[in-house]
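Labels run A, B, C, D, E, F, G and H following the written order; every chain starts at residue 1.
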Amino acid sequence: MPELTDTLENNHTFFYANMQQVGNALLDTHRSLRKGFPEVVLAEGKEISDIINLLNALTQSTTAIATRVNNEKVAQLTSAFPAGIWHEKARVFIANPQENICHHYATKIAIVTAGNSDIFVAEEAACLLEVAGYPLEKIYDVGIAALHRLLVHLDHLNECDTVIVVAGMDGALPAVIAGLMIQPVIAVPSSIGYGVAKNGMTALNTMLSSCAPGIAVVNIDNGYGAAMMAHAICLRIHQGKKNAQ
Amino acid sequence: MPELTDTLENNHTFFYANMQQVGNALLDTHRSLRKGFPEVVLAEGKEISDIINLLNALTQSTTAIATRVNNEKVAQLTSAFPAGIWHEKARVFIANPQENICHHYATKIAIVTAGNSDIFVAEEAACLLEVAGYPLEKIYDVGIAALHRLLVHLDHLNECDTVIVVAGMDGALPAVIAGLMIQPVIAVPSSIGYGVAKNGMTALNTMLSSCAPGIAVVNIDNGYGAAMMAHAICLRIHQGKKNAQ
Amino acid sequence: MPELTDTLENNHTFFYANMQQVGNALLDTHRSLRKGFPEVVLAEGKEISDIINLLNALTQSTTAIATRVNNEKVAQLTSAFPAGIWHEKARVFIANPQENICHHYATKIAIVTAGNSDIFVAEEAACLLEVAGYPLEKIYDVGIAALHRLLVHLDHLNECDTVIVVAGMDGALPAVIAGLMIQPVIAVPSSIGYGVAKNGMTALNTMLSSCAPGIAVVNIDNGYGAAMMAHAICLRIHQGKKNAQ
Amino acid sequence: MPELTDTLENNHTFFYANMQQVGNALLDTHRSLRKGFPEVVLAEGKEISDIINLLNALTQSTTAIATRVNNEKVAQLTSAFPAGIWHEKARVFIANPQENICHHYATKIAIVTAGNSDIFVAEEAACLLEVAGYPLEKIYDVGIAALHRLLVHLDHLNECDTVIVVAGMDGALPAVIAGLMIQPVIAVPSSIGYGVAKNGMTALNTMLSSCAPGIAVVNIDNGYGAAMMAHAICLRIHQGKKNAQ
Amino acid sequence: MPELTDTLENNHTFFYANMQQVGNALLDTHRSLRKGFPEVVLAEGKEISDIINLLNALTQSTTAIATRVNNEKVAQLTSAFPAGIWHEKARVFIANPQENICHHYATKIAIVTAGNSDIFVAEEAACLLEVAGYPLEKIYDVGIAALHRLLVHLDHLNECDTVIVVAGMDGALPAVIAGLMIQPVIAVPSSIGYGVAKNGMTALNTMLSSCAPGIAVVNIDNGYGAAMMAHAICLRIHQGKKNAQ
Amino acid sequence: MPELTDTLENNHTFFYANMQQVGNALLDTHRSLRKGFPEVVLAEGKEISDIINLLNALTQSTTAIATRVNNEKVAQLTSAFPAGIWHEKARVFIANPQENICHHYATKIAIVTAGNSDIFVAEEAACLLEVAGYPLEKIYDVGIAALHRLLVHLDHLNECDTVIVVAGMDGALPAVIAGLMIQPVIAVPSSIGYGVAKNGMTALNTMLSSCAPGIAVVNIDNGYGAAMMAHAICLRIHQGKKNAQ
Amino acid sequence: MPELTDTLENNHTFFYANMQQVGNALLDTHRSLRKGFPEVVLAEGKEISDIINLLNALTQSTTAIATRVNNEKVAQLTSAFPAGIWHEKARVFIANPQENICHHYATKIAIVTAGNSDIFVAEEAACLLEVAGYPLEKIYDVGIAALHRLLVHLDHLNECDTVIVVAGMDGALPAVIAGLMIQPVIAVPSSIGYGVAKNGMTALNTMLSSCAPGIAVVNIDNGYGAAMMAHAICLRIHQGKKNAQ
Amino acid sequence: MPELTDTLENNHTFFYANMQQVGNALLDTHRSLRKGFPEVVLAEGKEISDIINLLNALTQSTTAIATRVNNEKVAQLTSAFPAGIWHEKARVFIANPQENICHHYATKIAIVTAGNSDIFVAEEAACLLEVAGYPLEKIYDVGIAALHRLLVHLDHLNECDTVIVVAGMDGALPAVIAGLMIQPVIAVPSSIGYGVAKNGMTALNTMLSSCAPGIAVVNIDNGYGAAMMAHAICLRIHQGKKNAQ
């Protein structure tokens, strides 16, 4: 077994650990090196002044992105970052879009939704993955109440390296897709639905209970988390291809 | 608005209301007239002597049936009712099978399961519907993890008047079927599954949250309830046909 | 066992599967053929522009209906569809009422509520069933706290082919009705109540736990789902009668 | 406002507060004076030696009663208290039945169950109230699935001062009874049922959500608690009558 | 066993069953005869025009009371019923206060709260009981975090016939009071608290789990239900006293 | 948009859809072609005769594996398949180990547990991945209560293509690992723990709530699901490498 | 065993029990003597006039503090108490800051948060502890997604006598800290997060399920409760030091 | 801000981090130095051979303790460690009691239970604290149903430095005690109770919802966790006293 002190001195991941004090926040400035994607500011629950300070600090080394930016906050963000871009459906704000981290990865990601109302989650994921430079295949509104809508898209799905599937209500779509495909499926429950849909809890449990193989799940409405998992998977595929050449 | 006393005197349903004291129980002896199917004894949670007394009383006017009869109780029931028949998988005991209430209804009922482990619920329903005299179409183990298994059976399903669909785990099958068929779908969540399947709660919520039209749900593992709903539907179809002739 | 390719080629239901791209949505345009009722737009959670586009597309082949249309959205819908009709209590908007799909079915449906506050759910169901052309029997505010209010209506109930029963709070009414009638009962929990009523969860569980035979349940406040189940049942009764003539 | 020290010195209830160390337990020996009924030993979760010690101590001043005594424990209790009586259905053991606290109260209590399987809870209550000397009216197995069984007993119910109603599954019976009677209804959910009945949680919530007036609820299967509430009510009625003479 | 038809004809309670159609509502006009207190209109979830119609109908035979009347509705109610009185804290509106049903019962009811924030529930109960004519003892803000505040009031509590105890957060007060008194305790959980207090669910469960004897529970924030239970208890005590004279 | 019939005829995945009737079960015999891993028999909830029949059928074309095989069932399986191998800790039985589907993939998978008691889940995953031919890195008992145990293994983790992390109780380990690594993390909650650990629900929610990027979750104790997700990811990496060569 | 009356007369704690009637409230005026910190007014759920009266009464003997004072209430409080100070982030209002109860305790308390959004809870605790006179060490935004941010602060943490750790979402930080330190850790779940974070329930359960030793938990967002626990601990350490000198 | 590498090199706590591979387990051998108490083996969920190996490894440097040792395991443990001592009520096994880590701390800890059935939790805590050398004050069976039992012990409680209070059912006792005392209260919910007591969940929520100051909570039945929190508090008091001398 290796000695602890040796480990700490020689572990490269650990030396990618740096930080910057921004007001009360401790920004994880080496996240980009450690995870291949910069720290993203979750705007929900934060005050506008904190969000602006954090984005400002991020602009100094990387793309500065905020998620869950609602209509009220976007005006102040736009006046703070005139070059910023606002993806309304996705609720994503990019303060410095010109400095994006686009890599043109040799992989492709599909993003599927069961219904029209699930698109806001899909677009949050799509927006972040586009920043990262992934080509995307978007297939929306193909839920199981009319199965044929999905079947015509199977060939498009099969060209992708991983699939993000967003579904609310009964949340059954990811399992149907995982039953038909060989690629890893990232299931995202959405909070769409009423009554026993319980703001996404039922969709979540459906996805976790599925016996279809090759499926894993992220939190309700967590487009960001799905994008990061897809990114982690595709980054490894991309590196594998590059190393193999 | 009709007068209350008139209503009570002239309401036929109400005069089908009779009862018989059996130990502590008050047997609903006119259930058969009022509902087209006799009262059934739920053996679970009852003492064996009570079950035997109730079945004895029922044998005097109708078919005497007990559900949820486990292995321990069946021996005593068989010695009390030597002509009785035990449907092991269905956990149903019929004390006097010769006196069944079979009507050869002009309707047909499909019973479908998602998995092999859901069959015990399907068989409880099947057993009661066979007593009532319905022709059945059983299609087992066609869950959504391998969708093609269901698609080959669509024609058989379309010949039936109503469909009972049993599914545990993610409980997604009834919604897929309701999306493909025009007949009413009776969804039965089963307690099969582990972890977030929560003994059928997730399958139940999935079924209730589905946006596929023409679906209604009964309690977890409630094969009896599904059979009674199918019976209520088919009885009305049957009567409609007969009256129209 | 039939061959899969044969099945797919010859299955009529499947060829009723068509679709139309409307913005991000994939409209299920053959739903009317497959289910006997057109796709309905759930307005809740959708943006007004999407709703208008979907209704527009539907008007080309069938009646265009939106449910859960609140006060804010109705103004814009009315200006987009000047001939449209707004059922306020039911929260249902019909964009092209003249082209309704009314069939004058040879069946009758009862709609019952326990309380006055449950009527908004009952009216959603009623509104859709009236579009479909069913004669209805509405019996409102007959909950179990004053049982005699229900008893005077038993004869009216017995003339119907199926009964939709909406109840909030304790949700006990459907079981009482199922105990008195032979027709199938479709129970709808409403979100009315406070404290342990838990926005309809208690009424839902009460309905599912009932041991009265001939009852099945739809999601909380799901007037649409109840109407579709009643429609599926009555369509089959209607077809049975017609075929038998 | 009274002074605290005065209060403590002159408060009679407080001077009825005495106790006795029995092993690890502190027996509340003046409970009988303070509450009109002695402390009862809940056998569930206690070791047999502790139960015997506690009953022994109680025998010195009052009737010594243990509830929830299962089959395993009863043998040891009988050998410790040869004069003891075992009420099997009620799971109640009375160590010294000859010294009971019977008062022949001028009140009467009804105990009603929805089903046959709920009787074990009703009998726990009945057993304790009989020890206390109340005349009882037992009406069992009159659940709402066959309402006429209850209606024939309304006159008997109306002769009582309070009603204990035990129901499992949908738990709807107490509300129906409270709708028909003027006396206070003590509702007891039982753990009977399966699936969404959730060991009595659904019955409990149904009872609490009822809008019928004059109803209050105790814990699931809590026959003891129902008896104590009925006793508190009837004791006050009894005292009122006595003082008024 | 009595015959069913005899029962129905001779049961007096049943003949107190009358009703009046008011818009969609079926008013239970004989509630006052059957329960000793008129039907009360729960304003929450009802439209203002329905509330006014119902109150109007009630004024013709009894006191017309609405509960859970918020600030928005009270203006319209006051203009409809100029003689009406509005109890703000209690959220109770009495349309015709001069015609109250006051009986000057020979009983007294205590109403206790754990905290200052629980008073709105206590006042709903108090307001209804004052209409009914009961003398009340109000003891507010005596929760267990400072036990001495309760102890100084024990003598006042002991003069009452029953006690309503309202508590939010931990909900422990009713059990402490039931441990000290012989009278029946009606426990009312309030929705006051945050986090795991879960809008009153924790207080409710605490009250139901208590092992103190002589306690029963109503729904969260249900001041009305507590008042009706207290009324049912005290009515019986009052009648007992009167009959004994 | 492609035509539906074209799609169905030309979709290769769909023609990998075959099945075999085995008793009541419909075996998905082309699963191996469609998903790269054969159908696995979940023994839990199945009768022994069904399990043997299913394994027998599978042996004809692929490796026949059963999971969740407990001590009672293993004797009968061993006598049915004398060449079978039993992995006790993993509860996995392989009926025909010689015919395994080992591919020597050019990828490596890490399996980590927080505690010693979580190993049974890790071993289920490990066992299936070894059958598939993946080299594994097992790192057990490195939970966050003593963080240094994990830090010494960071270099080993960094050599792997994906990481399966099993944790019960607080379930915090996967998030800590995802914070330190760039590879995709598959989090598996285990049912280990007591009280609020709620049989794995708390660990599940912790994992889903984590804001660490690059993490997705499977059902509680679902070693099989984690293995299938890891397999889906690594298969794609493996194929990418092979195609790039 | 001591006699009860002796106990009551000689128990000093009890004689510190005094109270003052303020409107409906009973102020616990000796709380400061009994607990070392005055009663604090929880403004949430109280009307502004009640809050002002309570603070007024408190100003006569001690520091008058209100917590959970939102933006709406602060204007009225400031006009009632012109010398009052408003801590916006902490939502704490101190009516008479000059008369604080500062003691300069010989102990130090650390307050740590996982994220930036948890600071409002931390500041509530900080604000109350500063009133009490404790030196504080605030370490904010050091959650486990970037562990190195915590590690650089370990020396500062080790100089404190107890640590309050606030975390939302996965709530894993307190367990990591408890694994590294010897001092008692007071864990505070915050309501920050979405989906399965369930307003702090997941963080709460994570903290309670942790197997790290030396950790105890308070209610969600309960900065006040954490401060009072830290105060109780440090007061005892302070007294111990003073007595030992 | 300090440099990360400096921090890691000079942090003493970190160098107390050592470990030993024992089978699959990684024993935290420096826990005693880091936390003042050795790692304790939770026997529940572990195989007997693993438990023996872990205890064996611990005996080499410290006291070897296992908790939650049931009757089945104790025989094998006793034969492996003939000098071992078994505390049956506490379910604690100490393999090498002679080498205990007793320090005779200058602090005292009270352990209180509400009921007799809660003692098994209290004894687990007591057993571990006795190993650590703390003098204890045990006060059992003083729940709030008979409050006077607690009041006679107030003087004993006031002599202690911290109080562990175990309560099941309603869990109200810790709040009552915290209202009367100045010392920190560690509340432990027990799983004792039935129905809505939900295996300790209600007691847990009650304790967390309490507004009494100076209280914090550990997991259900977690006597170990309560002991470790009491130890962390008292260790700091002890050190404070020693340093102050």
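Here is the rule we use: a residue touches a chain if its C-beta (ideal position, glycine included) is under 8 Å from a C-beta of that chain, and two chains touch if they have at least 3 such contacts.
These figures come from a predicted structure and were not determined experimentally.
K.L.:
Give a one-word verdict, same or different, on whether chain D and chain H use largely identical residue numbers at their interface, taking over half shared as same.
P.N.:
Different, since most residue numbers here occur in only one copy.
K.L.:
With contacts counted as defined, which of the two, E-H or E-G, has more C-beta pairs across the interface?
P.N.:
Counting C-beta pairs in contact, E-H comes out ahead.
K.L.:
Mind checking the centre-to-centre distance between chain A and chain H? Centres are C-alpha means, answer in whole Å.
P.N.:
42
K.L.:
Determine the centre-to-centre distance between chain D and chain F, using the mean Cα coordinates as centres, and give it in whole Å.
P.N.:
The computed centroid separation for chain D versus chain F comes out at 53 Å.
K.L.:
Rounded to the nearest whole Å, what is the centre-to-centre distance of chain C and chain H, using the mean of the C-alpha atoms as each centre?
P.N.:
58
K.L.:
Whole-Å distance, chain F centre to chain H centre, using C-alpha means?
P.N.:
One centre to the other, that is 37 Å.
K.L.:
For chain D, give me the residues that contact two or more of the other chains.
P.N.:
1, 4, 8, 14, 17-19, 42, 145-148, 152, 180, 195-197, 201, 204, 208-209, 211, 213, 219
K.L.:
How about chain C: which of its residues touch chain A in the complex?
P.N.:
14, 17-19, 24-26, 28, 31, 42, 44-46, 50, 54, 189, 191, 199-201, 204, 219-222
K.L.:
Which chain D residues qualify as touching chain B in the complex?
P.N.:
Chain D residues touching chain B: 116-117, 119, 140-142, 145-149, 152, 192, 194-197.
K.L.:
Enumerate the contact residues on chain A facing chain F in the complex.
P.N.:
Result: residues 1-4, 7-8, 10-11, 13-14, 34-37, 42, 106-107, 148, 151-152, 154-155, 158, 161-162, 180-186, 204, 208-209, 211, 213-219, 222, 224-226, 228-229, 231-233, 235-238, 240-245 of chain A touch chain F.
K.L.:
Quick check on the complex: what are the chain D residues that touch chain C?
P.N.:
Where chain D meets chain C, its residues are 115, 143-147, 169-172, 175-176, 178-180, 193, 195-198, 201-213.
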